[in-house]
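Labels A, B, C and D are assigned to the chains in the order they are written; within every chain, residues are numbered from 1.
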Amino acid sequence: MSVPPLTELREAVWLANQTIVRAGLVTLAFGNASGVDRAAGLIVIKPSGVPYDELRPEDLVAVALDDGRVVAGELRPSSDTPTHLALYRRYREIGGVVHTHSTAAVAWAQAGRALPALGTTHADHFHGPVPVTRPMREPEVAGEYEAATGDVIVETLDGARLSAAEMPAILVAAHGPFTWGPDSGAAADNAIALETVAAMASQTIALEPGVGPIPDYLLERHFRRKHGPDAYYGQKRR
Amino acid sequence: MSVPPLTELREAVWLANQTIVRAGLVTLAFGNASGVDRAAGLIVIKPSGVPYDELRPEDLVAVALDDGRVVAGELRPSSDTPTHLALYRRYREIGGVVHTHSTAAVAWAQAGRALPALGTTHADHFHGPVPVTRPMREPEVAGEYEAATGDVIVETLDGARLSAAEMPAILVAAHGPFTWGPDSGAAADNAIALETVAAMASQTIALEPGVGPIPDYLLERHFRRKHGPDAYYGQKRR
Amino acid sequence: MSVPPLTELREAVWLANQTIVRAGLVTLAFGNASGVDRAAGLIVIKPSGVPYDELRPEDLVAVALDDGRVVAGELRPSSDTPTHLALYRRYREIGGVVHTHSTAAVAWAQAGRALPALGTTHADHFHGPVPVTRPMREPEVAGEYEAATGDVIVETLDGARLSAAEMPAILVAAHGPFTWGPDSGAAADNAIALETVAAMASQTIALEPGVGPIPDYLLERHFRRKHGPDAYYGQKRR
Amino acid sequence: MSVPPLTELREAVWLANQTIVRAGLVTLAFGNASGVDRAAGLIVIKPSGVPYDELRPEDLVAVALDDGRVVAGELRPSSDTPTHLALYRRYREIGGVVHTHSTAAVAWAQAGRALPALGTTHADHFHGPVPVTRPMREPEVAGEYEAATGDVIVETLDGARLSAAEMPAILVAAHGPFTWGPDSGAAADNAIALETVAAMASQTIALEPGVGPIPDYLLERHFRRKHGPDAYYGQKRR
């Protein structure tokens, strides 16, 4: 396989990694962002365990989409690479994946609870409750654990009949969030949105434990304001 | 309609938008601030979905107060513009409006609870509990949703016989806060005060679930210390 | 009364005002710090309602300790000046007073609960639970409210037989904390310590609602490690 | 005893002290980091009560590992020095110790509860629940208190049959966390990780009070991913 120039993709993925740091989603070296070049058949991902403030774009590692071998870069890729690969393989429409251990989202993942859609901030980003996976089983954890994590994410979205566009986020039980989007920047923005709505939901439930989700018509209105053919939020040609 | 020079108003509204960012009330591109020029019959408002750190004063959009058409600016105005317009039309005394998705205030909005006046920080800014609107109905949400949001805010304040000066804030149920004031800077300050007292109230209730509001005489004293003819807080000519 | 050069005291009080801002205890223009010059019979205090980022040392106002008239400075003193004065008059050993509306401490004040000594961080600064005043009565609030606030603080400390050195902080019910110390810098540090232990206590109680205070022998050891003749914390001549 | 050049160790311990400040674990002058030079038989530790922003590497104090006398430095060592010494003496494999009063970890210590392993962030750093010591008894507190604190930490780890490598952290009841590691930087990182997982655990329990710990197979996988001979996280020679 010939590797194309990776400068642009590395810059974009580097920026997504910095975005989650600046947004306060990262403690120590937890978390990672990646982006895909489908024509070249590879992804670019953060190296494992490198401090974010030392990370340079050229440190990002390129990994083959099909078999996961390193095709460019001097460092070891993130240990979560197989999870990223599983998502890219299953969802052709996504261009970036982000994983964090952001506190509020992790709390929901550790509680084993799906994050309910309690308001319009949620509905602006996620088309319904953000699912939580089932707990991973011993053989999954003992074997190819990170690949199995990807499989369990896909199983969960499939079980809920959710597309990656409708639901650009998931909570892996007892672990934390993965988010995705058309590119790594959008995936980072979804990680930020998820942490924010997770914190809002925790505080809402503390005030009103029995609160229910917003009605479907409000969820639809807000999600469609920002996503799909009828979107009217943001800048388009007037 | 001839459009007057907007430099000064754009600077003020730009600054109000930056103020809510610096105060930590903004995640991603959520939220918007506007200001009005009543003589010219227009408002100036943040463009939709533009990142705050790229926003320049000249990007702010001018919109006619009467019919909402864009009268100056290259970009699309905030999708919440009709809500702002409804407030400016109904309350002649306000000069600025701010909308945020700040976390603690959203928690109260999502809980569907009015924010009680539990202390003097609250009373310094809001003359009684900050009301929460009723949930919006399906036809309101499916139709001219943002204009209907403005109508529901007005309906709620009218129902509680509150003036815009006495109560410069509201919680839109399942959505979040709108605040206002004599100008966009004051509206931004009220957004900051609201987030602060919302956080204080949540923490107070966690400690003492049955806590009641402060007595009227304390509410009056603090509100009148800062507002109206007997105010003695801040700098006036001595 | 001849006013001495105030440069040094103004610098110190200005710094104490900046310290509470940098520590995150201040929202908008809430809060104020003061310091006393007992030989000159005056205090220096923050002017009312001036934004902290515009505050210069020369803006600080000098007020006579005996009758509260302004003796130097162009601006109106903090509206809380009579509370500060009441504390300086009653406690000859204090040199600085700080008032904030910091969130966690306000939550305890709004809950009307004394802040229990749940750990050594508390004991390092406060010799027992930080008291909360009784609610202020209507005549007190309607009359010379800020002076009455000072009187209620003194009444509360007297009722608990606490000296200002043993207990350099109080929670005014439904309002917020006042702290003090040998100088304005120490008062600011006590405001920071109070906010920290208030947040710790709230989180502790959320985990373990029935938790009791630490034993007296641990309280004594930590308080005496830092205060009084047997202190061995910090730098002294070895 | 001849004292070797301490420049390198002082720089490392100074950096560890700065790391816990930058991570938000420090209020006022609480907390301290130290590192050991076993060949020279000494530790280097923060001086007592010196503000972190004034601290220079040359201010750090060298103390003999065997008898705790100061062997280099002009200032008094941290009052917690005997606790650090007790840990270095008992655990030959540790090279750095950190003590903080970080809020979320203190809340667990004040609640007197061990911090359960509720997710993979915890398991990445701590091999099981982080123990809490028993309350310290009056003679321990009245006597050589700081040395007794070290003894109680050791007693607790011994009682749980935990090595310092498996469990690089403890909560001293009613006090706060101590952490350690191969060097002072690793000890600081463990202090950061501990505060993060403490906050996550508090938020998880608020959502789901009855939540149980993660299964052993998940704990093992994550701990071994990062620690010991089979570690595959981070950068090694490929």
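Note that contacts are C-beta pairs under 8 Å (C-beta built on N, C-alpha and C of every residue); 3 or more make two chains touch, one makes a residue touch a chain.
Since the model is a prediction, treat every value here as computed from it, not as a measurement.
Where the sister copies chain A and chain D meet, the same residue numbers recur on both sides for under half of the interface positions.
Ranked by how far their CA centres sit from the centre of chain A, the chains are topped by C. Centres computed as Cα averages put chain B at a distance of 46 Å from chain D. Note: centroid distance chain B to chain C, computed from Cα atoms, is 33 Å. The set of chain D residues touching two or more other chains comprises 206.
Interchain contacts (touch definition given at top) occur between A-B, A-D, B-C, C-D.
Those residues of chain C whose C-beta lies close enough to touch chain D in the complex are 118-121, 124, 189, 192-193, 196, 199-201, 203-204, 206-208, 211, 214-215, 217-218, 221, 225, 232-236, 238.
Within the complex, the chain C residues that touch chain B are 27-28, 30, 47-50, 70, 75-76, 79, 101, 103-104, 106-113, 135-136, 138, 141-142, 145, 174-176, 202, 205-206.
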